[in-house]
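Here come two complexes built around subunit A, the first alongside subunit B, the second alongside subunit C.
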Partner chain A sequence: MSALDPVAVFRMEAAECLEAIEAGLLDLTHQLDNKDLVDAVFRGLHTLKGSGAMFGFEALAAFTHHCETAFDRVRKGEVAATSELVAAVLAAQDHMRALVEQPDADHGDTGHKLLAQLQAAVGGKTATPATAAAAVTAPVQNTSGKNSWRIRFSLPASSMANGTNPLGLLDELRDLGECTVRANTSAIPPLDALTPTELYVSWDVTLTSEQDRSAIDDVFIFVLDDMELSVDEIDGTVAIAAAPAEAGPARLAAASVSPAPVPAAAVPEFRPVEAVPVKREAPVAASQAKAAENVRVPAERLDELMDRVGELVIAQSRLSQLAGASTDIALRSVSEEIERLSGELRDTMMVLRMVPVATLFSRFRRLVHDLARETGKVIELVTEGETTEVDKTVIERLADPLVHLVRNSIDHGLETPDDRLAAGKTEAGTVTLSARQAGGEVIISIKDDGRGINRERVRAKAESSGLILPGQPLSDQELLQLIFAPGFSTAAAITNLSGRGVGMDVVKKTVEALRGAIDIVSVPGQGSEVSLRIPLTLAIIDGLLVRVGSGRYVIPLSAVEECLELSLEEDLRSRGRSFISLRDSLVPFLRLRDLFRTGTKPDVHQKVVVISTGTERVGLVVDQIIGDHQTVIKSMSKLHNDVATFSGATILGDGSVALILDVGHLVAAGQQQEAQLRVAG
Partner chain B sequence: MRAAATVERFDNHWNYAEEVEVLTFDLNGETFALEAVIVQEILDLLPETAVPGSQPFVASVINFRGKVIPLADLRLAFGMEAAEATIDSRFIVIEIDLQGEPTLVGLRTDKVNEVTTLTKNASEAPPSVGMRWRADYINCLVKRGGEFIILPNLQAIFSSRHDAAGAVN
Partner chain C sequence: MSANILTVDDSASIRLTTKVTLTNAGFSVTEAVNGAEGLMAAKSGSFDLIVTDLNMPVMDGLTMIEELRKLPAQAGVPIIFLTTESDADLKARAKAAGATGWLTKPFDPENLVKIVKKVLGR
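Up next is the complex of A and B:
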């Protein structure tokens, strides 16, 4: 496999970074005085700026710098975190995303506008004591406001290779106040043992500053996890005495930056505090453990692995055939062992593609946040079952339909706060996104506690647009399903959000393309729930393996209703009309032998597989039903794009290929062919 | 116009190099050559699965190392007679770019010969007359010994439709 393009890697990382920033910002909207969240967002912005600059995304780095600065001021307690600021940075975050995607595109003055907003949000407002979290964490302050510190730090030997520049850290310390720096060179090995790229020097710094302790920590914020740092509060005399002794005689590159600090400001009553070395070992272990939890793998590598496993399974089935025919006990036992292992490997493989729906749900927090601002409704988003796992492809394809459904719930389902209060409900409407697994399916539902679907309006609309006849009796479910009809909308006035009905047909199509189904439950005045039932994975389906002529085909089991025999007399009788009666209802059928032009004679005992395409029941006449088959779906190449009858292919135990029928297209193709036959007479 | 286009294609094919390494194979008594770099593997015959409704040119698929890949028959592109497989018949698996996507395709051959080097000096653009094959399906002809080796233009062959009797649209 080719090495990954560094820019592509940066984009992936930036996307994750932006997601983290967004999540932090959204959390922050609820807890404006949470210092940890402010720090998290700041760190995210800083990382994005840094790596952006490193990979040549200058515009991104420059723009992000401003947001970072704004958050830095919040961190330092200079300004309060306000919802305006969070909103401004949220908006800015979208711009950053655009800058990551298309760094060279002309983004006009979006950036300037956003920065102006940011400025307005930050400018002029100073922190109120309640939100100035920095004040709380400040250490014992002495009366004059100046502190002296002795800072000792050493970086890991490999840190220069990682791009850390100790000089930068020293410069930042110098910015904090008067500062004496001494290098401790005692660890430098003899010349022949010296590796030029490694760092052997550690530093003793005496700093007198008006800043508090956290300012020092901030200098080291990005290297803190890997380094040793001790910060002691001292008075001037101790500092002078102690430091040279520690530094040792080999004061080789001692960088005496500013005159020796005899801080007049150091206050006598300020007693030395016990040295508490800040060794960050525990957090290091924790963060490493966390990093090891996830490995980013391109999907195509997984597909390749899947192919290999598929081959292995086929080779294994050949082996077990050979072993079965042999009398060699040892061979048989090895074959059984390999059968077990390859089965397990296949199961593991399938799980690799599964990702928790949390990744999908997290996107909706932002959407709901924006929609709440846009509509003036008070909305609470509740998510449940985020650990439920679904195939990654399914998740990607569901994103848009779910956006639609959530928008609809908010736009049409939820009432305004006033209406809700009038109806005796809480002011805040709740939208619940939940996922759970049920057998081979995952059920994702979007539930709101709004006004529910107005059946009269649905019926009136359907009648006026000719979807149903006036007064046509319909079950409740049938009536509700009408909202998925193309172009259907009950929105009296379509807002700038999409109306219920606009695009609902697309939602239905997407779900059906995933071999899923949609259920709606709606109670007037109490809310609606739309549930999507989606198969867990696209990679495997349960299929019914059948034979037509000499070819073998797979019919998705989810479409199969029943199988029956086509008796010879029924066969003869049906020559002219191509339908059979099944429990008093007529079921048309297609002879796959004719459709596929096999040119073979039919078997004596032909079978009819009755399939349902949702609206219609159709029988497929096959020569033989072989049985259930767990089907690993392989896509067909572009050269077979024009063949709609098959949705893919699979590899059977003997290594041969069987095609998977696309039931919907097959019925359409059959109708077309029959129409042609009728015309031809 | 047409001549100019042919010459350009011809030059492109050689990539302005003097030599090209190829794999030669026989089809219906003619010798064809494929650039060696696109050849993935030479296979003994495998079970084929017919794809009803596809173009006859790519009427079946095979299982190539766990992937389902189309099997193409250049005979049909060149209007030759279809023939039964013989003991020498092999599939050549190549990777070509189809609509921007690298795609594996199997090719039927009557016999796979050798990997050899062809020189530009010996090559000629396909003649505009005196040939029963579509000129745009051929990159060039290379004279070797007393015969011609045909370098097919796979892009042209795979990107055009091969409508023929039996294709269901």
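Up next is the complex of A and C:
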């Protein structure tokens, strides 16, 4: 990847810019007269337009121009910011995003519709598109052959202080052709009246050049408006005064009001072209130090670094093994030192991948805003714990599930304003998104103060779809968890909001793929809270290393409840039924040896590792428990996407590969087996 | 002799383009992301030329130019501002505040170098 590709940088920046514009617009909906917000939005649009045009995003620049113009008028107080305008620009903003992402795609007449909307919002008047260029110099007929001019010019007294170097201008004239230059020094005052930064000299130049008159104007392009310039063709036929008629008196007036004297000592004299050696060392060390406080690193580089650290951890554990078997004291001490260092490096690495959930939460403001418009509900979005940091990958993967949960809260949970008032609640419903850290987990919850989950309806739906048996006793938590079953929906009618193909089952799957869990609390009439518990980091986990047949596997330690021995007697008794009794409750178990078809004979002393996801448990029968193992997770190739039993692979200290068991999947398989057995009686 | 140039722009892509263009032309470039940082950089360093955007958060380019021109040490340092066609009014104000010249956005890198050389007089 090229960090130095301006177009790539522009895309990144445009995305940020659009986010900032969106945030500004959303804030603005609540405080239409906030001038700072108007300015901020204007600036965002302005930057987007300017940079867009620079990097070849013409359509974007042209489109954004209209929005910018609208905001410019608000900024200048010509029109008031209205919610229609904000809504129009908010809608337009999505179009801009599309124009950034696919500048060449055919966007149909979306743009025109949006502009019509915008036009209506600012009272039918938007500025005409920017005209190509208001050329500063008027084209002048080219006269062929050489021309001679007599050029007289004097610059404003302040022009040197403002960075114009008359010597540079003279050099440019010399570049045009043959020149004779005469300085008119008559205006230089006596020394005690002289201000060193002011310009008192005017010039008289004769120039013979093949260039036309506009070339002379080009030389003076930056000062043309304020200076006195007369250019006469030497044969005397044409006399053009470039200076505005009133420039003369105006200059005199300006000159008579002499500017505040500048302490001469502080001024580096005149600044002739190449004199005054300037200090070159240590230019702005301070600002460089400041820039270094934050470094932008592409995520893929962090992933690479993570990989390297992972390999280091593996190599280190091999070293530990070797050192452990050795009597060499020096080797052991080096090994210990490296173990400490790689541990620290790993911890540092983890922190690098952490980003505040604010980046995730900020997306929801727009969603809630849109949903409020769609549903006619009054919704207040509260976010808490935005500084809580979570692994970047987790944030990315959680985005869609969270959107679904927020949609659900608003669509199913919150009542209409009338219903709320009738229930004695405030008109506005509140949806709270919060994040907090608890031990090695981050808990992200979505809470609403709506009507709560209707248990009867959940039960009726689950019974009618065959998920549970009629009248089957379930704990409250089990009942609530039913909403995560595939295809489950309590919405009487599938609305525009729900039923978009992403179901709660997908939410659950995603969370479990992250080795997390979901808890639901719901009080009828008071609202619901769905909490996602996600491990802090994904790349390295503590695992329990087990052996099945000749293969070794890793079970995530966070899911392990206990390990026990499967007595021969119990093994025989449970054959075909696959349940063990664990403190008066029956726990289904899976024989991994059968599952993996190892074809080996079971060990005499088989072990059962009981794993759980929240409330459900399943036992895994293994041949041997090897022990704790810190595991660097490597994802498996696309070819293995369908293999649900494993969530990844890891490399062991001796260089061999072990597969990591997918706890969620195994528990589900166990539960399924249990349900089948129960049905079978 | 290569010149030290300070560029002030809130847009990373424009900063990058400016930097690459000017560095390739043999200048050394220091960057600042807004007027306030630009002012600080100018105070703590020594630049032969400043190229600045006008619309920026925290401190805009216009204010920065005004503040710079109040500093005796910054007298005579050329300031080029980047502007769009629609900023005609702003252009006049920037000139009045003490800017030396301007460059219209979107700009052609070649043009930037040309203008920089013109203003530096080389």
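Quick note on the criterion: the second predicted complex is superposed on the first by the 349 of 681 C-alpha atoms of A that agree within 3 Å, B and C clash if a C-alpha of one lies under 4 Å from a C-alpha of the other, contacts with A are read in each partner's own complex, and residues count from 1 in each chain.
In this text, a residue touches a chain if its C-beta (ideal position, glycine included) is under 8 Å from a C-beta of that chain, and two chains touch if they have at least 3 such contacts.
Note that the structure is predicted; figures quoted are calculated from it, not measured.
Of the two partner chains placed around the shared chain by superposition, subunit B is the only one that A:Met636 touches, whereas subunit C remains out of contact. In the superposition on chain A, A:Phe222 contacts subunit C only, with no contact to subunit B. Judged by the touch definition given at the top, the superposed model places A:Leu595 against subunit B, while subunit C stays out of reach. By the touch criterion defined above, A:Thr47 lies against subunit C but remains apart from subunit B after alignment on the C-alpha atoms of chain A. In the superposed model, A:Asp307 lies in contact with subunit B only, and not with subunit C. When the two structures are aligned on the shared chain, A:Phe55 is found in touch with subunit C, with no touch to subunit B.
Of the two partner chains placed by superposition, only subunit B is touched by A:Ile651; subunit C is not.
Put simply, more of the residues of subunit A are touched by C, taking subunit B and subunit C as the two choices.
Shared contact residues on subunit A (touching subunit B in one structure, subunit C in the other): none found.
Of all residues in subunit A, only 306-311, 314, 551-552, 595-598, 634-640, 642-643, 645-646, 648-651, 654-659, 669 touch subunit B in the complex they form. Residues 46-47, 49-55, 58, 61-63, 65-70, 72, 98-99, 101, 103-105, 158, 166, 168-169 of subunit B are the ones touching subunit A in the complex. Only residues 1, 4, 6, 10-14, 16-17, 20, 28, 30-32, 37, 40-41, 44-49, 55-57, 69, 72-73, 75-79, 82, 84-86, 88, 92, 95, 98-102, 104-107, 118-122 of subunit C touch subunit A when the two sit together in their complex. Across the interface of their complex, subunit C is touched by residues 4, 6-7, 9-10, 12-13, 40, 42-43, 46-47, 49-51, 53-55, 61, 65, 68-69, 72, 130-131, 133-134, 158, 160-165, 167-168, 171-172, 197, 221-222, 225-226, 262-263, 266-268, 270-271, 273-274, 278-280, 282-288, 290-291 of subunit A.
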